[in-house]
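Next, two complexes with chain A in common: one pairs it with chain B, the other with chain C.
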Partner chain A sequence: MFELFKEIRKAGDATIGYPFQPLEMPAGFRGKPEHKERLCIACGACAIACPANAITMDLDDEQEYITWDISYGRCIFCGRCQEVCPLYAIVLTTEFELAVRDKADLRESCAYPVARCSCCGKPYAAAKEVDYARRVLESVGGPAAADADAVSLCLACRRRDDALAFQRQARVASEEGGAR
Partner chain B sequence: MIENDFPARLQWQPDPVQLDASVAEAKKRLLESIKRSVYVYRVDCGGCNGCEIEIFSTITAVFDAERFGIKVVPSPRHADVLLYTGAMTRAMREPALRAYHAAPDPKIVMSYGACGCTGGIFHDNYCVWGGTDPILPVDVYVPGCPPSPPATIYGFAVTLGLLDQKLHASHHVAPAGEQAPVAFPLIPYKVRTAFEREARLMSGYYYGKQIVDEFMMALMKDRSDALAAADRLIEGEADLRKKAVYMDLKALLLSKVVQE
Partner chain C sequence: MTKKNAALRSGETHVQAVRDAFPGAVLDAAWQASDQVTITVPKDMLPDVVEFLYYGRGGWLPNMVANDERPLNGRYALYYLLSMEEADPGFVTVRTEIDPHSMEYPSVTPRVPACVWSEREAYDLFGLRAQGLPDERRLVLPDDWPSGLFPLRKDSMDYRRRPEPVTDVENYEFLYEGQAEEVTGVPMGPLHITSDEPGHFRLFVEGEEIVDADYRLFYVHRGMEKVAESRLNYDAVTFLADRICGICGNAHSVAYAEAVENAQGIEVPVRAQYIRTILLEVERLHSHLLNLGLVCHYCGFDTGFQHFFRVREKAMDLAVLLTGARKTYGLNLIGGVRRDILDEQKLATIAFVRELRSDVEALVDMLMSTANFESRTAGVGRLDPAIARDYSPVGPCVRGSGFARDVRFDHPFDGYRYLTGLKARSHDGCDVQSRTLVRVEEFMDSLTMIEQLLDGAPGGPIQATGWRYTPHKYALGYTEAPRGEDMHWAQVGDNQKCYRWRAKAATYSNWPILRYMFRGNTVADAAIIVGSMDPCYSCTDRVTVVDVKKKTETVLTKQQLESYCWRRTHSPLAGKGA
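Our next item is the complex of A and B:
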């Protein structure tokens, strides 16, 4: 009998101390996604990748801010947002204490100013993203850097510009062909 | 939010159960100081059973929820806490309501898991009405897919008033003219994208990125000799699979160095 108690004492306590002691989660545990507002360029890659639509991006009614929004209540902690983020702006932490009494506390959002097209004036991307794209293109150099000014145009205007440039080129080529 | 284009007045809207004033008062008093064990009845409204598995690991010896007097009971008539898991499906709405009405007042309702909180990944399914809250008055939301046993214990601790909630709603407005730094500025952008592509090809999403990040961090540390840094990283790695990816990335680096 005494031997048994000794054995039990030697085996120790299997139950963890949490919540009376803090619990260290193992590395690689996929907990709360931490959004770093300063690093984020509001490109929306995470919103597209998010399988549960926990991350969404919305343009506000005045068309001045694009709002990045996450609902931890809908998040499935898959890590796709971390995977697609080009800037390490969203990283899954080991934080697991997410329970709340009020559902509104499950939401976190961040508004970014939008850039307007220099040609038609329509909002087309976050200003931070445009600035980032310009700097990346300049750092790449070569023909990409020559096109860096085109980042201030929206997709429709850029397509129109490209089509016009192509038309001009074709016209010049055909005139040269006729002269010959 | 994914908006439904179909007008709301033409859709059937679930009407949530309203709490009686006296019941709400009794519930408030109960939540303020529970001086007894709580019995939990679990209602699955249409989940994948991932949450159930985590609930059962919460009541095993390692996490042992019974040391707080939390006991899972087989009937809602014995329950103080109703634990709703899974998205609220059309077929399970009636049984969920029956379980709610069968439990004696005052009762506490917990939404468990991503599906229970908001409908989770099934939120836009044709037969899903979001989480538990469109039907029932919910007291505590426990997010997670599924919530791990410690997260479950934390959820109960928040319910019983042992711990305070950590998460709070926040809204941040970025100042105009803020600049985001380019990651790994010393590595040419095209080389970096080639590395990332290769690593993901080799070891898939999530881990591919982790491995390529470690590789690029090693390159950044030794600015004079990147190849020696890569060699040191390969030497120090015990995991053969990771080593293979590193060697592949080093071969890519060599080809880039020769080219440029």
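Our next item is the complex of A and C:
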């Protein structure tokens, strides 16, 4: 019994004054994901990786905007989005106080304009993503930079162009072969 | 002779023994991993073969997995998983195919009682009927579920659909197995679930003595296996598995990941294996402290409860440090882990371990010198070793009854392969006290393990790369959760999803023995007995007590039962139903 009292005395106060005092979480704590909409290129990697489907991407009816959306109510704070993001545009913070009065406040979204194919006019990717791809290709330089123009085409048009180019090449090769 | 045996694949001797004992029974034997073999036997031979391996070759049965393989081979299949723990340790799975026209198979339960819950579940979810199964009541599905709808059949339903309830009343029949006068038609009180998880216990008593008990769970069955099959990609299921349990989720996550890795032949980097093991042990620290706290609570030593929980908070802080979350560590991926343990974290962990060791040693001394502890736990909730052998319970429950069964030592995996100087703990008092002592010793062992693992972890990558995905391969994954072994059986499909995932939590193996642990004890001991099992919850939220002589029933609240457990005077049954 005496030991017990000694232990109680030794332990002192185990609690802290939270919520009247702040509660600091260590670095590396997986809290609320913070989306930096300026860095984001709306590539959708996080939406694919998210196991809980907390992050979704939707194209509007007019196909003019693609909306990145997160629901903190669904988020499981696993941090997969942070891992897959190519631009560090989503980072888990140490913030954990997420309670809201209105359920709608648990959502955050951001709309990005969609680029249309310079050939067929169909929407095919977020404009920022296209822009990012172009800048990367240009900064690499060399033969890659020559392809920078092709990023303004949708996948179908690019495939068709590639197929036509290949056909032309094959034809030239066979004509050369015939001439010899 | 031993040399020759060593050259054989693990499980080869068991397969040969089955071939010798039952000529023609083994239609096929295939190895899924170095320690896992599946033999296919004809349906009629099933009970014989399982019984032979169980009692004749030192097998224990974690569970059975039913699978709808009609899209693959036109049949249903059952997989009886057996953990061989004597000679030639490893896992032998007995598989049998069932014709979709008959939908019947001979029940193994009369020969090996450990199959009972799995066979009941196979009917609920697939409609496969075990002929001769002594207990054919529903297990998993609620009473208001339509009788012809078997949710896990591949062609039955979308996972988002909820069928209309077919009944408004709970019609589950609680069974009384005692010798005293028969009890019939006992109406149940309304089931009000407040904060704890729900479970309905029914104690059959004579005066104060419990003569039998029956209970029903699965009120919060979440259909996770169905969700994993339909909604999630196979590589996201580790995160779902993390959420099977709020206490030991990491053990499930690792077990699932390893089931897929074993099936696909993925070599997990050694550093990742060490990290997984360290996190499994960190999880055990907080879980065992929680249970030790609860033991104090049930003994009426609430000061001890508070102090165990105070110290437990350090184990939680350690988890935050290593994983970034108090629970749901979420660090497993197929092929490895997501977060490394850095040098500064290693040093901090060692400091935490030292602190925990001295703190808990002091608290345990306090608990042991409390007069209440001895008197409230010794000889209470006896689990007969013979019952334990029949039902294959796991964890501190079975280790408190003299069986040193522990997956970490029986089938060493991951970092457990590299540990030295430790062995599975066991006590043979068969009572609440023994189970508690096992937990105390295991807690100290976990601290030693963490130190050894941190020291021994080699450098290197933490995720495997460059492996091929092969559909329809299946295997087992297993871990020793704080409550006993978690056994996952996973088969991936050709669509990047689980074709079938069966997650067996430790407590699933322990519930069937609870009624035997209750028998012969007083109502006052009920709470501490449930608590000693350390079920994923120990909320005897509402207990209906039936007096078999007086034919009355009383519904006790959790508070009443707990306070009676502390004071053991002022029985809440006094004066009722006279």
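Here, the second predicted complex is superposed on the first by the 169 of 180 C-alpha atoms of A that agree within 3 Å, B and C clash if a C-alpha of one lies under 4 Å from a C-alpha of the other, contacts with A are read in each partner's own complex, and residues count from 1 in each chain.
By definition in this document, a contact is a pair of C-beta atoms (placed from the backbone, for glycine too) under 8 Å apart; a residue touches a chain by one contact, two chains touch by 3 or more.
No experiment lies behind these values; they were computed from the predicted model shown.
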item	value
Which superposed partner A:Glu83 touches (first chain B, second chain C, both, neither)	both
Per-residue touch tally on chain A - higher for chain B or for chain C	B
Which of chain B and chain C A:Glu3 touches, first, second, both or neither	second
Contacts of A:Ala11 with chain B and chain C, given as first, second, both or neither	second
Contacts of A:Arg107 with chain B and chain C, given as first, second, both or neither	first
Partner chain in contact with A:Pro26 - chain B first, chain C second, else both or neither	second
Partner chain(s) touched by A:Leu98 [first = chain B, second = chain C, both, neither]	first
Contacts of A:Arg74 with chain B and chain C, given as first, second, both or neither	first
Chain B versus chain C as contact partner of A:Ala52, first or second or both or neither	both
Footprint overlap on chain A, comparing chain B with chain C	14, 25, 29, 51-52, 76-79, 83
Partner chain C, residues of chain A touching it in the complex	3-4, 7-8, 11, 14, 25-26, 28-30, 51-52, 76-79, 83, 92
Chain A residues touching chain B - in the complex, by the definition given at the top	14-16, 18-19, 23, 25, 29, 32, 37-42, 51-53, 56, 58, 65, 71-80, 82-83, 86-89, 95-113, 127-128, 131-132, 135-136, 139-140
Contact set on chain C toward chain A in their complex	232, 236, 239-240, 243, 303, 307, 310, 313, 320-321, 324-325, 328, 330, 338-339, 362-363, 365-366, 369
Footprint of chain A on chain B - complex, ascending	1-2, 61-64, 67, 114, 117-121, 123-124, 131, 133, 138-145, 147-148, 150-151, 153-155, 157-159, 162-163, 165-174, 176-183, 185, 188-190, 205-206, 209
